[in-house]
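You will see two complexes here that share chain A, one where it goes with chain B and one where it goes with chain C.
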Partner chain A sequence: MSRLTRRYVLGRAARLVLTVWLGLTLMFIIPRLGRSSPADAIIAKLAAGGGAADPSLVNAYEKRLGLHESLWHQYLDYLWNAIRFDQGYSLSEFPATVNSIVLEALPWTFGLVISATLISFVMGTLIGAIMGWPKSPRALRRILPITLLFSSLPAFMIGIVLLFLFAQQWHLLPFSGAYSADVVPGPNLPFVSSVVSHAILPLLSVVLVQMGAWAMGMRGMLITTTSEDYVMLAEAKGLRPHSVFLHYGIRTAILPQVTSLGLALGTAAGGVVVVETVFAYPGLGNLLYQAILANDYTVIEGVAFFLILGVSVSTFLLDLVYPFLDPRIDMRGR
Partner chain B sequence: MGLATLLALAGCTSGSTPKTDRSSTVVFDMDQGKPDAVTNFSPYGGNQVNGLIQAVYEPLFITDVSTGKLEPWLADDIAPDAANKVWTLKLKNGIKWSDGEPFTADDVVYTVDLIKTGKILSGSLDVKDVTAHAVDPLTVTLEVDKPDPLFALRLFSTALASKTLVVLPKHIWAQQNDVATFTNYDPKKGWPVGTGPYRLASVTPNTFTYTRSDNWWGVAAKFQPLPAPKKLQWTALGTESTRASAMASGALDVGAQFSLGTYQALKANDTKIQTWQTRPPYGQPDVCGYSLDFNTSRSPWNDPKLRWAVNYAIDRQKLIDVAFSGASKPMLTPFPDFPAINQVTAVTGSAEADRTNVGTFDAAKAKSMFEAAGYHRGGSGVFEKDGKKLTLVIKNFDAAPKNAVTAVLVEQLRQIGIDASQDKLTVPNFVADETSGNFQANLFFGSCGSTTHPWESLNAFNVSHLVSKGEKISGFYANPFRWDTDNAKKYSGVVDKLAQVPPNDSTNVQKLVMEALGYWYQDLPMIPLLNNYQINPVSTRNWTDWPTAANPYVWGLYVSSSVQKLLHTIQPAR
Partner chain C sequence: MVVMTSLVESSAEQQPDAAGRGRRDNPWLNPMLLSGLGVLALLFVTKWIAPLFVAKKEALIGAAANNMVPAWADPSVTHGFVANTGGHPLGTDGQGRDMLASMLIGIPQTLEVGLLGAGIGVAVGIVLGFTAGFFGGWIDAVIGTVTDVGIAIPGLAVLVVIASYVTDLGVVGLSLIMALFAWPIPTRVLRGQVLSMRERGYVALARLSGASSPSIMFREILPNMLPYIAATFAQTVSGVILAVTGLEALGLAPSRYPTLGSTISDALQGSAIFRGMWWWWGPPVIALLGIFLALLGVTLGLDRVANPRLRGKA
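And now, the complex of A and B:
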């Protein structure tokens, strides 16, 4: 805590709670602004098989899910349930609970998003740094921008092309899903290899798109940094080029990248909705998309809760870590 | 570098991943594109059609959609008393649940009583008026409150996914504290327990795998030999393009609801892909077609003359050509293009349709009818009356075929002088508007329901479903038209009479259908437009003997209990 004060940490924690509460409240209000109710989704589900919904059955169903209560009652229940991490039953997949559905999806999205974001961050930052450093080999600086061509395409489109090539034409990788039905989940090689082979195409779709932004950000920052006085001083002092590159160039230029990385890790789950849908990847994005289609308030709120919590906590942690990354930030004097 | 590592890892270890033996495994596409919660295995729940009613739970009867007859499966016979009030159901001897317990009349009675409590969501099955009683282990009596000659059809038909009684094992379900939240899933206990020749073997977030149970009761009871497939999989592969790619590469045997373009592309590249028919419209007729459903309680479209004028303004063939590249057929009655229904309507429905010229496109006649109703063309070319434009907002739920038909329809109506527009809605919003009467017209099919008997589609217009203004109707097919004229009342009287005629009394059935349609065409609460054909392609690369229009041993709908019969028919490709 040498660089942090109690006041600073408590202030950030209060901001975290306020953000989560505001987010939760918005997520309670937004689905209810629509003109249809979950009962309409229930009727649609029943009617899909050619039947009708007995109003008494729908009423009983609504009562079981607490939808007959006043909005205030529902809201307070919702907040209380969020505090207890208990989101109740899914409206469209009753009797499955929201927690069971979300927790089933969470690891897949986390795995995909964290891997994709970290890989694209590392590769993008590295490419950007090489492109932005004036002393990089010219050949590298000319070749590397080619890797950024995919950044202008949507991830799902890249996904479709990858599917066509790797799954349909060359039979190298599976079409979709998280792992094969022929393996037993657990710490065994067939399962791990199945998970990896199923993750490659969605991962690649995201990485190819995201890498460009990281590279461009890093390149811009590094160009700015190289014209700073302290870099010139370091060079004038006769420090070796790679030392100047690493300790004076990258260390400074990477700070905004790290900020963005924290935020990206929190928000990326929302950004892979379409990719997860294309690959039928059983993550939060796909779940959220299906829940919106089904008007499943409780699952929408459950997924949103985890996403809001993800962004808020990662921002909070970033606020705590930042003073250690940047020696210029020191809260002790405030 | 990270990617290279991943690729290397996947490549190095792919040899250790077991491959599915396609000569013993049939792979089905999940109809909804995704499973319900992967712990929910009630045959009345969201995973019902992901293998449960096709492989694990057997039906009492299987409907022969061509004839409308019920073929025995778990039951041998169902017969009414003289008054059509007490139906006697005879079960086959020797049926066992997969845990070895005998399947008895008590299971049937328990299931009927459970559905009556409303604790399980089975909206399509109406058993409120049924009292079930076990006479002996193989005999059940089902007594209805009032005579119902159509009772067997409404409770046991497998022509649709969710309209058949799926019998539950009482010895498991009755032990649960709360049946409503019972998931019916416990691999350690061997749940779900059904009578079918397959058991749930494994569940992933995308795929349910069922393996053949070689001690299935049907072999010992000499009912049927074991089906050829040793393993069945229902899998969610994502978007249509992904599913089509999987089918093209042989990873999928049965596709669900492909679009025409995708099917044609598949077929062009792979001769082993087939569907119900070899020629357009390729797919098998769907129970729900396309129609323009009016809210007949709203002015100005409460005037039958205006609805008829709209009818003459519609060029059905052009709708088909533009929206479906010619792959459909015009619809002129409130019924889908099902063989057993066609046997009735070939005489009645078509005769009435011909008499009324409902299928005629006659723009001049449409214009003159609007003018006769007091409308004249304004400066913008739109019909007006008392300074008000003639508007028609057509709502549809957001699905590619419905969007396409509505768009062409709107254009045709605009050309005639109606200020028509399209309002695309999400499914729940569409339901909200349809059931509450908040619409002028819907591109839908409010008379969906009939598969083997015309009564269900006709009953969708029955005034008995009417509710007060502002109240919601009970479902999609409960007179969403709010048709409540004198003709509607006379019509409903005839439909109620039809419900009292035994289905094999074809003379009286035809007479009453003709009479009802007479009133219906006068008011035309719904304009029938075109039939819908569901393209569920199959691949003969790994499995053969799939049902087709030429060999319709079961209907080409892979989400119904009839699939049990299909599994006993298909054979591995040589």
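And now, the complex of A and C:
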């Protein structure tokens, strides 16, 4: 039972390559449309650093950026470096490479993005299911407008308000960071509980924003599903309402929800990046923020590259899983 | 305005005993849409009203004493901060910017970027979406692929890199860069709408009577799509403002005069929440809340215009 045809996989892989390439190209071209080249800016910054900047670093970058080569040459070098995952050195913390800095921050962000996406998927779908089922209590249906209100707001804004309430006013949850200074990182209870308590507010701010879209999608699908003939047949057969709800309503309506998970990862990543700066959470977003403050161009580009790659690859992997979930996905088309 | 008359008729059918169908039945005059537009207009005219109340230079760094509490704040709050000396109703931030002036200058600036960026993005979306949906075939396939790829790129990541290199952007430059990531979703939404409109009877009728493709597209389909286009526009404005305040909160796209995002960025850098300076982070958050809720109101209101079935439900 091979559900993955060669054509489908190749098509999705081509889209993955196209997405990463287009993102990289935009990052290369647009800054160079202005008066000064970013490469010059990096060298100028390194040279102006005086004692701080290592001459060997300046030399390395002049060579690496190929300042005296043609733009085409610079562009091909840039792509080649990206393919080899060679992001060079951090400008503000010289001996450290961009890769090592990014890899340290990566797990925190991925943890936030993935758990936020999954929690909001489950909660949003549940709320949407309650909204969309004609037999659910009237009082429960009032939740939808509230989730909708939240979903129109930026996550970082909700984060600021949550931080004010829970940390500044009520002293319930910690202010910043991913774990307290007095715990030893490792598989021990104090560390784990510290990580969890630090993650609650950042997670909550992203989940509150994401939930609305899932609820809307589920509600819409369920309303369509409940008017299908097979639901009427199930009811006519005398099946219990909750059994019809679970096995006939939810089961069909949930599939398109799963298909949107890929896109949700992208939006969640964008939301999480800014939220991290509010909570000084040591992930990619906070790294990006620090790099922007320090004018550390190589780290900025490195973080952007990893974000694009991470989101595109996860979307690609999800695309490969769908056909197993939904036999109706047409492999010949698209 | 084919759509308006037909919608008015359909809503009149729902309430046959309504005596006069005047303003009340016009779907464009629903309260959500009107209040949303009203709030946005009110916020936008601060651009012209602000100079009457505050001097622009009040919003610059060092215009007044740092950390001044708002005029109505309880004196006990002033512990560690400067007591209000008058003339600064909302107090000042950690760098001596007058908060009222910052808001009155920041709100229209943020709105301008949102409107302009979304305007360009939706215009591109209309052209591409209509072309793809109407002609189909390989044109649709190419536009569809490019749109899919455009949606898949995490816009913020690319925007961050661009904004970190190009620093002297201004409103127009910032809007152009925002538009770069604002077009794919409108393109996809409008393409879908055109596809369904294309199959309607009136299009077939126009084609039978010998109308040319551009004429059908712009004379027949476009007017019927207005509510969808407007709703897409409102959503895109929301998305652009979200992205631009996010960028600014990260400390990018700096400008001499504050915007809503840069005020939030300054507040975060100055640990405003930790220090209890609610009058620093509060005003930009409330202003953004107003803008986003107003845009949500406009979107939902326009939805009601586009989908007659939604009407009647509260």
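In this section, the second predicted complex is superposed on the first by the 250 of 334 C-alpha atoms of A that agree within 3 Å, B and C clash if a C-alpha of one lies under 4 Å from a C-alpha of the other, contacts with A are read in each partner's own complex, and residues count from 1 in each chain.
Everything that follows uses one rule, which is that contacts are C-beta pairs under 8 Å (C-beta built on N, C-alpha and C of every residue); 3 or more make two chains touch, one makes a residue touch a chain.
This structure is a prediction, so every number in the text was calculated from the model and none was measured.
Judged by the touch definition given at the top, the superposed model places A:E104 against chain B, while chain C stays out of reach.
Looking at the shared chain after the overlay, A:S193 reaches chain B, while chain C stays out of its contact range.
Looking at the shared chain after the overlay, A:V207 reaches chain B, while chain C stays out of its contact range. After overlaying the two complexes on the shared chain, residue contacts for A:S180 are found with chain B alone; chain C is out of touch. More residues of chain A are in touch with B than with the other of chain B and chain C.
Once chain A of one complex is fitted onto chain A of the other, the partner contacts of A:E93 are limited to chain B, with no touch recorded for chain C. Shared-chain residue A:T277: touches chain B and chain C both. Applying the stated contact rule after C-alpha superposition, one finds that A:L293 touches each of chain B and chain C. In the superposed model, A:M221 lies in contact with neither chain B nor chain C.
When the two structures are aligned on the shared chain, A:L163 is found in touch with chain B and with chain C. Where the contact sets of chain A with chain B and with chain C meet, they give residues 34, 38, 41, 160, 163-164, 167-168, 175, 277-278, 293, 295. Contact residues on chain C toward chain A in their complex (touch as defined above): 145, 148-158, 160-162, 164-166, 177, 180, 238, 242-243, 245-246, 249-252, 264, 268, 273-274, 276, 278, 281, 285, 288-289, 292-293, 295-296.
Within the complex, the chain A residues that touch chain B are 34-38, 40-57, 60-61, 64, 89-90, 92-96, 100-101, 104-105, 108, 115, 118-119, 122-123, 160, 163-164, 167-168, 171-173, 175-185, 189-190, 192-194, 196-197, 199-200, 203-204, 207, 277-280, 282, 286, 290, 293-295.
Looking at the complex, you find that chain B touches chain A at residues 1-3, 6-7, 9-14, 16-20, 33-34, 36-40, 46, 118, 121, 123-126, 128, 160-163, 180-183, 202, 204-209, 233, 235-239, 241-242, 245-246, 248-249, 251, 287-288, 426-433, 435, 448-449, 472, 474-478. Those residues of chain A lying in contact with chain C across their complex are 15, 18-19, 22-23, 26-27, 30-31, 34, 38, 41, 148-149, 152-154, 156-157, 160-161, 163-164, 167-168, 175, 263, 266, 269-270, 273-274, 277-278, 285, 288-289, 292-293, 295, 297, 300-301, 303-305, 307-308, 311-312, 315.
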